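Each of the next two complexes has subunit A plus one more chain, namely subunit B in the first and subunit C in the second.
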Partner chain A sequence: MINRRLRALLRKEFLQVWRDPSSIAIAFVLPVFLLLLFGFGVSMDARHVPLGVVVERPSSVSESLVAAFRHSDYFAPRPFLSRQAGEAALQANQVNGLLILPQTLDEQLSTGQGAGVQLLLNGVDSNSARLLQGYVRGVFEGWLARQQAARGRAGATVEAQPRIWFNPELRSRNYLVPGLMVINMTLVGALLTALVMAREWERGTLEALMVTPVTLREILIGKTLPYFTLGMGGMLLSAGLSILLFEVPLRGSLWALILFSALFMLTALGMGLLISVVAKNQFVAGMAAIVSTFLPAFLLSGFLFDIDSMPWVVQLVTHIVAARYFVTILQTLFLAGDVWGVILPNAAALSLLATLFFGLARRQLHKRLE
Partner chain B sequence: MQAVLRAAQLCKGFARGKSRVEALDEVTFEVRPGVVTGLIGPDGAGKTTLMRLAAGLLLPDTGSLEVMGLDVVSTPLEVQASIGYMPQRFGLYTDLSVQENLDLYADLQGVDPRARPARYARLMEMTGLAPFTGRLAGQLSGGMKQKLGLACTLVRPPRLLLLDEPTVGVDPVSRRELWAIVYQLVEQEQMSVLLSTAYLDEAQRCAEVVLLHQGRVVGQGSPDAFSRPLQGRTYQVGHPQLGRRRLQAELAAREGVLDAVLQDAQVRVVTQTPGAPPQRGEEQWQAVAPRFEDAFVERLAVPHPHPVQLPTQAPGEAREVIKVAGLERRFGAFRAVRDLSFSVHSGEVFGLLGANGAGKTTTFRMLCGLLPPSGGQLQVAGHDLRRAAARARREIGYMSQRFSLYGHLSVAQNLGFFARAYGLRGDYLRQRIAWAMREFELEPVATVDAVELPLGYQQRLAMAAALLHEPRILFLDEPTSGVDPLARREFWARINAQAEAGVTVLVTTHFMEEAEYCDRLAIMASGELLALGTPAQVRARCTGADGVVPSFEEAFIQLIEGHAA
Partner chain C sequence: MYAIIALVLKELLALLKDKRSRMVIIVPPILQLLIFGYAASFDLDRLPYAVLDRDGGAGARALLAEMAGSPHFDERYRLRDVAEVARLIDQQEVLMVVQIDPQFERRLQAGETAPVQLLIDGRNSNTAQIVRSYATQVIERFNSAWGARASSVPLAQLEPRSWYNPNLESRWFFIPGVVGILTLVVTMVTTALSVAREREQGTFDQLLVTPMQPLQILLGKALPGLLIGLIEGSLVVTLAVLWFEIPLLGSLGALYATIGVFLLAAVGVGLMISSLVSTLQQALLGAFLFMVPAVILSGFATPIANMPDWVQWLTYINPMRYYLICLRGVFLEATPLTALWPHLWPLMLFATVNLGLAGWLFRHKLY
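Moving on, here comes the complex of A and B:
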């Protein structure tokens, strides 16, 4: 299997990696950088959201309601003396929402009529607005229940008792970080091979290589193995950071994580090889790697945006995005465990894509220059 | 003996944009075993395509190609197993050391490990690389890289060696060493060699020459067979009063004269027919031996319909236009140029020569005001470049090696752009563009995009653009590289016309015969001035004890080697 020619190619590649640290930087520095940047920067949780509060007539009731918001981790209430001042702040984006407790609040509550409280939301970011709306309602309902209990008027209402599986604290980091690892490794894997093959084209070394008895299979393996090693190093580093720094729980088994990461790494490397076999130029290959791996992985993998809510055409397209399958595998492995019913079909899809990429790269690479 | 390479009706074309370029058109020739065959032709003649076809890296469109008796199309692997091929960029891994490169290619070529020490020793001795086996290939000089590339090609001794322009971009010293190695291979290892080159003067070093031009074989035979028919048609012409450039212009336009180029203080002439030369007045005609380049011109020259006219009015008195004294440029601790002093007069063609890394380009950039000097005096057109670079630049026309044209603008648009960039306006602008169109014969291609022009036209356009603002000084950085000898002649005729009109011309070149066209020149090595003077003075300086005046190239090699020692 590994003959002298292949050994020579492998040795050459490792020496090049060692002497030109740009590959090492791509494999180790880039994923760590991206993970830290996105891991700390991107968060879907609402925490200490500035919420304007206008109390039109202060009373013990309004005070206890405002206190309920103040005690919540989600909000940082800011009092305003008038509705106008609050709306101005909302317009200036100093607060994300404005809660208005009307003059009639006490009366309405005491007469048993339904109490109306107005909530104004900044809807520019519709996702955050919806999130905020939910949190406000949550706080509100909790307060109401406590009020009723205190008055000894607990009615016989049906109460939903939610229990959240897999991510009980609803930490968005728990599912974002595994997704980020996928994005990073897609980019890293594709960049590693895309650049090295294009470099040989550019420097004219491939022309000299092609007239030796070396086979195309040897060239492809010689290009894949070293960068597989590097890529897996970067992958394990990312996994380590996720678990230790971002405190994402790993509920599945470590060996499964490594095995399926390896499978995904092969897919990403295959994609890169295919790009550089076609592009033959480092600049074009680099751009192609970013545009064709990073962006689709970001947008179409289901890591940030739910695939089921995409139009069906786009849903169809997501099936050729390798990251999609690995996002599912990693989120399952990290948060749920070794759920084979989910992992195996996705792993099968990954294997199919890897075979496809390597097959195409092999078909596009000739021992000729055209 | 059987031919080692046999091409018959070989055709190969490439798509370029919408059109199709025939790189090789019905090429038929044979390569004899055991000798050096030169594949000679200007850039774009199809040499590299032919080499790649022979190495099995490209497929011919039609025709047949046999190497070592094997069909290249159906059995490329077998062919590759019996040849050695060095591509133009030698295929070295710059991150690997000399030894690691050798080992890699030995492994890939399946060289028996027991046979290696002897082979390595022989190759290292031949190339003189033995002291550098631990050095990274990227840190070798250009000539050494070339030799290492050759050594890697030779780890498994091939029967046929294909060398694609091995001497391009290599200084004359390394070039001579490379040829010595090639001869050794032929004599001691009975190798057959097919070597391509754009330097016509290398034809003389080959046993057999295949002359390629625009994808066609124009001739094949020994170099002497090419030049023999020109016996009695080549002369050296001198004139006691007339300057050599005026003499050349006059001769070039004369009936019966095919070619006239400057050599020394005289003019070298090829006549259209043998026999009595069309001698006039006080001219002194002296018969000389024909050379290969004459044959090239003879076979391909189409008489130029409008010979370049020299200005009738003699320029005013020569003044000192460029003055350089103690010029120095440092990059960190490295001194790229040191203690450089010379001056150039108006109407003079001044050449700057040197091997790669000699400091030519650095000097050039400082003279154009593109790079501030680290020390010394630098005056251009009366302006101190260290203080008034912008004002001095207005007096300068600059033509870079890559021509700096906008590929997707038409000829007229390019001229318009450069004219405005130099601040030309109104009537003057229209007048100058009209002048450029007329003088450089660009009207027929005015609406063609620059990128689609042949190289010779691109060069003309670039020169026209550099002259739009009527500069007093013209800087030309390797203006003729990649242009065929005929276009080169025309180009020099234009340079001469400018010089006669009083423009000072500074030119760098790596064609040694072009050094002869300069009035004076400076030879540089590792940032220092080695020699300064007329071509004849430089040659005379290197005259040996035997009293034989060397050719300019030999003189150059002597100077460089003397400096290195």
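Moving on, here comes the complex of A and C:
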């Protein structure tokens, strides 16, 4: 399959990569830089959340509630003397929530009237606000159960005992890092190939190539293989970093990780090539690469946002985002293990997309001038 | 002045004359706002779950009915055997299995605490946390209903209230962020790539030997990006308000001041990148190297407060950080222009430094 013509093409492409360091930077420096920055930087795990507390009339009861918050690692309670001062701090974003223990708390507790403890939240970041509300509720219910028990009023209650499989401590890094690997590889794949054909169109060198006996298939292979090698190098580097530095457990097998990464790399390169072949102009190809890679891989892959909760039209769109399949594969491979029932359908979808991209690229490429 | 106008016109023509480049500039932002506006949400619904009820008493049935009635959950399977649990979760058939033990009814009747196990798929730990909090809420609702039947009022209860976003709708938080990202991408990339293209084709050198001052060239290159950014920005803001019904509580003046200052900064970044590179591929790499960290470290999806200290310091040099704070403030909190000032001046500084540096590099670098 590798004949003299193809070998010459490959050699030319490798030389070009070698002499413009930006390709090597894309394959190796970009993923490492991004992975380090995000692996250390991005986290969903909030700790020491500033929570304002207003105690309108201090007593042993109010003190026990405040102490419950102080003992939790999640909160950093900050006392305020008045409701106004607390609300001002909430408005200025100095605290994320404000807990108000009313004057009547003590009295209502002892008479059994049912006291209301108000929690004000800054809802601009709705997700954080919701998580905060959940944590406050957890501490509050714990305190309440102790109070009820102390007053001999322990009633029948159902207690939730959540167990989180695959990631019991809910370390967000364990799912963010595999997700970031997907984003990295999407970027690398598209960046490497999106411009290669467009560049030759623009400079007119593709015309020169067209008059040689080289076949279109050989051109496409010649444009893919060198970048595939580069991309896989970067991929292995990121996988190594994820496992060794970020201590993400790899519960599946290594060969599966490499095999399916190779499949995804091909898909990503195929998309880049297709962009390049269709655009024929580096500016358009560059814009298209930016528009169609980073944001879709970030927002539509299930990396952050649950696909099943999206409207069905948007869910349809996610099916042409290759990153979607690879996010599922990687999260399963890393955290759950070799669950073939999940991995194989997704791998099949990836193969389909790869065939589609290369097939379209081949069809759009003609040995004639317009 | 005439020279600048001529250059701006030429730039706009170069961008908009070609059908394909017109397409990639105008269509994606609108399409993306529509798609991402729907996609970017942490509000989950119809979460698939399975039930393993090993008790079967009235209490368990009431609890399960409460859960089945929640819009967040969608019951898919009734299990008979513990052995089925692992397969369903492994294969991602369900996100959660609710397991009720045989002693449930007896404990509930005896006034004891009856445990319910929630087995949750933790592959996406954020989703897992949301599932857990939804399920806990259902159980709390059940508890208070059950307690009311036994006529015991709880001693105290928590009354949460959220400012600015009373129903805690994710979309209100994310869409202003998406508006921010889209204006960044269009403006920065258009500027960076258009200058890099001229460099690669050699026409930039021709521009440099014309009688135009470097400042005029700079302005001629900056204004089209600014103009396109403003138009796209207005479009996506209109869409956010009319289509997604995001409240725009602040004044249009504050909104446009924010967008304008940020666009200057974004154009500055684009020009900086283009003055450092000599090919389009390098410009593309530069655009990504700036854009990806700028988005991820902006507080768009993951709160800045959760980042380690050294990364939080890094976010102070990220213009997106200020931009998103201002946008969300104007949209949701009706922040007046004066209160935006602490976030606007860093953006202005950023714009000035970038444009100044880009201008200097234009004059001092010639490949």
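Quick note on the criterion: the second predicted complex is superposed on the first by the 348 of 370 C-alpha atoms of A that agree within 3 Å, B and C clash if a C-alpha of one lies under 4 Å from a C-alpha of the other, contacts with A are read in each partner's own complex, and residues count from 1 in each chain.
Here is the rule we use: a contact is a pair of C-beta atoms (placed from the backbone, for glycine too) under 8 Å apart; a residue touches a chain by one contact, two chains touch by 3 or more.
Keep in mind that what you see is a predicted model, and the values were worked out from it rather than measured.
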| item | value |
| --- | --- |
| Partner chain in contact with A:Asn167 - subunit B first, subunit C second, else both or neither | second |
| Subunit B or subunit C, by number of subunit A residues touched | C |
| Touched partner set for A:Leu304, first subunit B, second subunit C, both or neither | second |
| Contacts of A:Pro213 with subunit B and subunit C, given as first, second, both or neither | first |
| First (subunit B), second (subunit C), both or neither touched by A:Ala279 | second |
| Touching partner for A:Leu352 - first (subunit B), second (subunit C), both, neither | neither |
| Touching partner for A:Leu344 - first (subunit B), second (subunit C), both, neither | neither |
| Touched partner set for A:Gln16, first subunit B, second subunit C, both or neither | first |
| Which superposed partner A:Leu37 touches (first subunit B, second subunit C, both, neither) | second |
| Which superposed partner A:Ser128 touches (first subunit B, second subunit C, both, neither) | second |
| Interface residues of subunit A shared between complexes with subunit B and subunit C | 20 |
| Of subunit A, residues touching subunit C in the complex | 20, 22-23, 25-26, 30, 33-34, 37-38, 40-47, 49, 90-91, 96, 105, 108-109, 112-131, 133-134, 136-138, 140-141, 144, 147-148, 151, 153-168, 170-172, 174-175, 183, 187, 191, 194-195, 199, 279, 281-284, 286-291, 294-295, 298-300, 302, 304-306, 308-311, 313-314, 317-318, 328, 331-332, 335-336, 339, 341-342 |
| Sites on subunit A touched by subunit B in the complex | 4-5, 7-9, 11-12, 15-16, 19-20, 203-214, 367-370 |
| Subunit A-touching residues of subunit C, taken from the complex the two chains share | 18, 20-21, 24-25, 28, 32, 35-36, 38-48, 59, 63, 89-92, 107-130, 132-133, 135-136, 139-140, 142-143, 146-147, 150, 152-166, 168-170, 172-173, 181, 185, 189-190, 193-194, 197, 200, 279-285, 287-289, 291-293, 295-297, 299, 301-303, 305-308, 311, 314, 328-329, 332-333 |
| Touching residues (chain side subunit B, partner subunit A) in the complex | 52, 55-59, 76-77, 80-81, 83, 85-96, 100, 103-105, 107-110, 136, 149, 152-153 |
